[in-house]
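By written order: A, B, C and D. Residues from 1 in each chain.
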Amino acid sequence: MSKVVVYPVNVEFGDCDPAGIVFFPNFFRWYDASSRNFFRTCGVPAWRDTEKSHGIIGTPVVDIGSRFIQPATYGDKVEVHTSVVEWNAKTFVMLHQLKRDGVLLSEGRDTRVFAIRHPEDPARIKAIPIPEDIRELCS
Amino acid sequence: MSKVVVYPVNVEFGDCDPAGIVFFPNFFRWYDASSRNFFRTCGVPAWRDTEKSHGIIGTPVVDIGSRFIQPATYGDKVEVHTSVVEWNAKTFVMLHQLKRDGVLLSEGRDTRVFAIRHPEDPARIKAIPIPEDIRELCS
Amino acid sequence: MSKVVVYPVNVEFGDCDPAGIVFFPNFFRWYDASSRNFFRTCGVPAWRDTEKSHGIIGTPVVDIGSRFIQPATYGDKVEVHTSVVEWNAKTFVMLHQLKRDGVLLSEGRDTRVFAIRHPEDPARIKAIPIPEDIRELCS
Amino acid sequence: MSKVVVYPVNVEFGDCDPAGIVFFPNFFRWYDASSRNFFRTCGVPAWRDTEKSHGIIGTPVVDIGSRFIQPATYGDKVEVHTSVVEWNAKTFVMLHQLKRDGVLLSEGRDTRVFAIRHPEDPARIKAIPIPEDIRELCS
């Protein structure tokens, strides 16, 4: 059984487009906030601190998919239910289920890595093996 | 052969996160802008006009996926190469290839529908069969 | 004494720029969310409902200013304290004080109008006198 | 006479709100992009490079104001005309005039500083006197 951490979101007027429904890139913004909230809740420090301790600057997404089942609009209170559903050697997979009153509105699944600055070029990033201590905090 | 329409993007400081690279939901913002630019270039009017002529308020995404191959950062000039790769009865699939100097940085693929306001509840939306005239403009 | 309504914000990783601090347009996004939250808390319906009852589609900003006193970063929990500080014939002024642990980080002040669609051109908007019933709800 | 640098913007569907007009925080996003474009055009390197050469991580805004004269909507092509209108010891003021077909839609004015990381606390930032070489490039 994996941990599930719930992140609440107020859908705002400015999150919606001229059709009156959430502009879909905002779902990804919320999935990402929920991902960061998941780590924080599990006890993983801010990336500015892990940069000092582990060199880790974040968990960039290498692949993401989402389906959108029902639209949301401003005034809605929704929740993102986030968990890690897969740990691999260098990647892990998070599942984000966005619900309103228990009804699934969208579902995203992203593959991420733990990244450090590239030793030869600080403008690039480099994936490292999943840190054992972080994995334990999150399981 | 399907039409490919290219949408140029200047990557801005505010598009990047504390790791110094583009915050990934912005890629979806650019895919969407490129989708709208594709239709405009093919001669499809603004949605506020198709609402009057066809009832169509837009092309909401029902499913989207993207992989991120290389990061981008501010100052980069990138291009989204967009085409329709599949037309179905009620859905169609767009491919978005984001390139910098010809190198593929990310690739997104979304499934969309043409939507009208739901006849019984204007707060909801409803997919309609692909309009033949729009399909022809885009092929 | 005017009503003050407090809107809580979690500052997210994606809200911050490569300098590691909040990208300032997000402060305006939060002021606007807090403005809408103020009206909701006072009992003013969603704009999609006031459009039917009053023709009102929202409260566009005609002028806004903000000063930024201290930066915020991801992981911060902040609050926007919002009130109406001035009611005029056709405009009103809102004050937004953004605080972290009681310390003022930024302060915004916007002048807004209640807008309807322009009777001759639905693509334009038109300011109307402040509706008395809404003003009473908010005072 | 100060330099004026013009930054073009395509207004996108996702930049607009349920009223069908640009969600106003996006104007600030464009002012900021135009500010960065101004420096780039004048020959000032990316902040990641000035951090190495001068310690400068950017030009955070300490105060900004904007008035909104006419709304914009998706499909519009607009331009931000940006200049530095005031140089002080530690601050400078930029003017951003956003126009569509030569007509002024909005006007913003921001006061900025050149910032380095605070020597005692890298999480904080510190204003420095305007660098003479940068000022010369921009005048």
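The criterion applied here is as follows: a contact is a pair of C-beta atoms (placed from the backbone, for glycine too) under 8 Å apart; a residue touches a chain by one contact, two chains touch by 3 or more.
To keep track of the chains, here are their UniProt names: A, B, C, D = Acyl-CoA thioesterase.
Predicted model, so just to flag it, every value in this text is computed and none were measured.
Between A-C and A-B, more C-beta contact pairs are found at A-B.
Against reference pair C-D, the listed pairs B-D, B-C or A-B yield one interface repeat, A-B (criterion: more than half of contact pairs the same by residue number). Between the CA-based centres of chain A and chain C the separation comes to 28 Å, rounded to the whole angstrom. Taking each chain's centre as the average of its CA atoms, chain A and chain D sit 30 Å apart. Centres computed as Cα averages put chain A at a distance of 23 Å from chain B. In chain A, 13-14, 17-20, 23, 25, 29, 32, 47-48, 58, 73-74, 123 are the positions where the chain touches two or more neighbouring chains simultaneously.
Chain contact topology: the protein chains form a complete graph, every chain touching every other one. Residues 17-21, 23-26, 28-29, 32, 47-48, 57-58, 60-68, 71, 73, 115, 123-125 of chain B are the ones touching chain A in the complex.
Residues 10, 12-14, 20, 29, 32-33, 36-37, 40, 46-48, 58, 73-75 of chain B are the ones touching chain D in the complex. Within the complex formed with chain B, the residues of chain C that make contact are 13-14, 16-20, 23, 25, 48, 74, 123.
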